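Some structures are shown below for you to check.
Heads up, the next two complexes both have chain A, just with different partners, chain B and then chain C.
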Partner chain A sequence: MPALCSNCSEKRAMLKRPKTGHSLCKLCFFFAFEEEIHQTIVAAKLFKPGETVGIAASGGKDSTVLAYIMKLLNERYNYGLKLMLISVDEGITGYRDDSLETVKRNQQQYELPLKIVSYEELYGWSMDAIVKQVGLKNNCTFCGVFRRQALDRGAIMLRVDKICTGHNADDVAETVLMNVLRGDIARLRRCTAISTASEGDGVVPRCKPLKYAYEKEIVLYAYFKKLDYFSTECIYSPNAYRGYARTFLKDLESIRPSSIIDIIHSGENLSVREGVKMPVQGTCSRCGYISSQALCKACVLLEGLNRGLPKLGIGKHHRLHEKILSQQPLTENEEKKLKSGDF
Partner chain B sequence: MCQVGEEDRYRYQQDGPASASKKCVKCKDASAALVIRAGDAYCRSCFNESFVHKFRAMLGKTRVIFPGEKVLLAVSGGPASCSMLRQVQEGVSQNAHKKLRFLPGIVYIDEGGVVGLSKEMRQKTAFELQELFTTTGFPFYILPLEQVLELPTSVVMPVQQQSEPVTGAYKAAVDHFLLHGRKNDVSPEEQENILPCDVNESQTCALQQLIGSAKTLTAREDLLNTLRHHLLVHTARSKGYSKLMLGDSCTRLAVKLLISISLGRGAQLAQDVGFSDSRYGDVISVRPMRDYSAKEIAFYSHMFNVPYVSVPSLHTKTQDKASIQRLTESFVTKLQTDFPSTVSTIYRTGEKLQTAGRSSSAAADGSRCLLCLCSLDTVTDVASALQATLISEQLSHTKIQGPESELSTAEEYCSIKGEGTCRGTGGGVVCCSSAKEVDTPDLRELMCYSCQLTIKDMSSIHHLPHYILSEAQRRHSRSLMREEIREFLLDADEDD
Partner chain C sequence: MKCAELLFSGQKVHHVTLPSQSEPCEYHQKKVLLFLLEKCIKTKFKQAINAVLLRPGILVLINDADWELMGELDYQIQDKDNIVFISTLHGG
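This part shows the complex of A and B:
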């Protein structure tokens, strides 16, 4: 006897929800999945009517589902939002050029305006060129730091009020674990927030409407909706250390499926002891972007690339910031340490 | 990955591999006997010195244990708690340089019944420990976990939190101690040992049923932890000890921290892994071994012949993925071998956290978890993981009554009415599982997020010990009463 949907108890159940374990039919699953995201948006007051919202689109499953659902909910519930797609072209041949094709198709399918900003035009360095200089280790640091800023720059060019990203529950839980493993208390506190407050000029507030959506359900949704998305891992080896946290999370999920949400619950309820030193937010004295140091990470990394000292931004070299700002030459010993090679 | 490591690495490389002829980094005289961390080679005596110093420094720095206070050492038989016992033993001995001035006692809880050890095995372990404890001259209690079935409800009744220790309280206690001298009120007659051979078979059976009613090993381990802690606290309380010393090492605490996060205990994290834990009010748990890594302890117990016994636990000989606790332990251990700063980084993260102080008047029993006695973390914003889960549950079965909601009403809990009859059967253990009760509270409402998860994994809550169920009943009727007289209450938050 085929199992019936636990919601409508009429149609045959097509899937078992990873999040709750219920068996649902296709339509009930669609409804539940969309409704949950709507509830999240409403409960967390993510948007206001009339706002222009940029959807960070990579062409992957998360952002494709996000774009699809944002458009759908905007129409179903009259959010009154003006939606746009923003993509970042990191310049990775064989990976990003293909996924950008997906984004361009999505643009047609969903009839949303699209803006692509590239590392090449913003920084003068494509990821391909960066990897050529720094090697395969630590290149994710460059990519991650540059992307955050690139997205903001793209958003400002488009004059959007908010950016929403496709971070899902698994991503958030993984980040909680990562920050514990790295001892990064400031990020640990911030990472479970569903949206960032507007932090000043040059930074557009961000939010994660899919924060409580399981990665597996996003894939199920995209699969049954037959959404057009790009699913290839980045060719520049995935960040090794994050890989540990990821595997651990997947193992936890296999033991107790609610682990993902449980970890987010933990993260949301952490509170930091008084008197623990926190980085103070300031602005970069070179580009004006938010930074807790005299120079923002992107500027330090860029300086390192341009000087041929790629290790400048890897690890802590705050002492050198002064020197860079005043354009003093580095000592031979310092240069030697920062040269590419055995790292 | 860790940015701190960058510069250190250069140093390690210069050091080269530790050779046998290496000198101790501390005295620079004797040849090194062991390497704790890369670059830190110690000779035997310097290692001992630093080990002892760490213990005393921890107690000195925290100033939680007052002179003349009775302190109960929870010894599991493992290397960490046995090394802790050794530290206390040496610290209070007559020839100690600066004598520790508290009055120690020892408690060992025999969990053999849960793990399914034979009576002979349990007996053997108990005798070994008895011998070990006798040599210390401290009063000691060897108790089977089966005792937990007979605890009074006071264990899970929130005790009014002691107000924050006033500055100068420690000094006052020292002065008082110096003035009146040591009250030697600990006599060996106080000892109480229930050896495994005295344990009623039906009790072991009931305990096994209780643990067995948890369907997952994760829930089983969590339940066992809770019950063990209840028995420890009760023993301390009933024997007049105001502090409970636990032997958690730095490594253990790092694992515990990740377990807590994974089990949804973020709000309770600081209490779960902090130096002192005052959730039980009058009995405060302290963890003086928190600065030692498991490796240091292993070295110490090996080099200085600290006797210990190995007792199997619930997850002994299980696979990595048998439970969340087991998985986390192997995850941290493996990561530690690749990245030697893992444990200390996780541990230091824990130091920077505190218990979410949502309600300062958390002593009100309505806001404390029935099982772990931490403040409830289930009152959350509309946009939260908890709410999101509830919405998901709702949306996945709206039209028909889901089996779960039926369960929670059908699965009734032992009502207070059953008390009289229950006590009679099976040595007051088995709580009338056959009897049908009606007005029973929903246990989940009385629990924190994480303990709810554990209960959710249980096939039945009938097997929970009587003290838990009757406290649930008490709280439930209190809240019903409060509901009834609500309109006459001027301050809604006031309770008891």
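This part shows the complex of A and C:
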């Protein structure tokens, strides 16, 4: 028989919180979990009364819990926010079509308006079609870059002031590790930020209210509350680098649960020495989206797809971008390098 | 690896009767897990063992309570216990 709740000492404890080590009953856990997210929102001043906030909703556990809690806290604490759901349809048969059904049910359950934007309509390419061309390596690069922009486009169509995403503590810690492993200093510096300021036209500020919430607690919250969510892993993701960082992180967590929050803490307090070269943010000369190059990553990837040269956006081919911009023909050798042969 | 039920031949709920206890030996979680695995998993055997025993991101609930409160693998299974495995994999 498990012990009693260490908070109310009345009911049976139902879980051990990884962050604090406390054993709590369902009700005390719900309260603590919700209050911590409220504290995160208040401390970081994520929202202002009267704002319209788009919740990036995939139908997965994180965004479902996010939508549920945002609605709950908005009512409990009178945030004065207008909430909406924004979903991206990547066009992945057998995965996203099913998860979007979950989002549509959430729309009913939480009575929030929903907007779905699709890769097909924005880019003319679904992920199914992209994978057919590029295979199962680097396909996540296309998906990630396109999704970021798709969410912004959806947000602009809905005229929302901010987007919030369901990134949890485990996600942030994974990203810190990945950026360390890749030596990506620019991303390492910004990946722990809880919110991004508007970086220019066409980019909507984003925030992560679940930044300090453990995945384990999110899953248990959804399970105990019987929230309706979709839990299949993307069929195209098995080769993604993130998976290795994730497994490593889970191993660390099983030895010492605070590892996750400790990695985030380390990431937050890193400072980059002066004189380290950082990319300068500009705008894409084709679509106007933020970019540190002449062409943004989405435009380069898309150009590669449309020309049958999918490797164009993978790795460094900056010199070729000017040729593309000025519509000069590529040499045979350059074309050969960018074809999908050794993908 | 996909959701946990895919490892168990796509079936979501399993009613398992453990071999009767001739001697008063107690069933430990580990034995039950191995029994479950043998009985229910027809494919991807190795993956499944890794997933459940080493559980990179699989939560185990015994009668709806976190098994970390119950001594994990040392917990003695009682009659009519309900054991739930939840995958924490990304659906994002």
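We adopt the following convention: the second predicted complex is superposed on the first by the 338 of 343 C-alpha atoms of A that agree within 3 Å, B and C clash if a C-alpha of one lies under 4 Å from a C-alpha of the other, contacts with A are read in each partner's own complex, and residues count from 1 in each chain.
The rule we apply is simple: contacts are C-beta pairs under 8 Å (C-beta built on N, C-alpha and C of every residue); 3 or more make two chains touch, one makes a residue touch a chain.
In this text the structure is predicted, and so the values were computed from the model without any measurement.
By the document's definition of touching, neither partner reaches A:48: not chain B, not chain C. In the superposition on chain A, A:307 makes contact with neither chain B nor chain C. Within the superposed three-chain model, A:233 lies in touch with chain C and out of touch with chain B [touch as defined at top]. Touched residues of chain A, counted separately for chain B and chain C, are more numerous for B.
Shared-chain residue A:176: touches chain B; no touch with chain C. Looking at the shared chain after the overlay, A:76 reaches neither chain B nor chain C.
When the shared chain is aligned, chain B and chain C each come close enough to touch A:251. Common to the chain B and chain C contact sets on chain A are residues 251, 254.
Those residues of chain A whose C-beta lies close enough to touch chain C in the complex are 2-3, 12-16, 23, 58-63, 99, 166, 215-216, 219-220, 223-224, 229-234, 237, 246-247, 250-251, 254. Across the complex, chain B meets chain A through its residues 1-4, 6-7, 216, 218, 257-258, 260-267, 269-270, 320-321, 323-324, 327-328, 331, 335, 339, 342, 345-346, 348-349, 351-357, 377, 380-389, 391-393, 395-400, 402, 449-450, 453. Touching chain A in their complex are the following residues of chain C: 1-3, 55-57, 59, 61, 64-66, 68-70, 86-92. Against chain B, in their complex, chain A makes its touches with residues 6-9, 17, 19-20, 22, 24, 28, 31-32, 35-36, 39-40, 43-45, 176-177, 179-183, 185, 188, 194, 212, 240-241, 244, 248, 251-252, 254-256, 258-259, 261-274, 276, 314-316.
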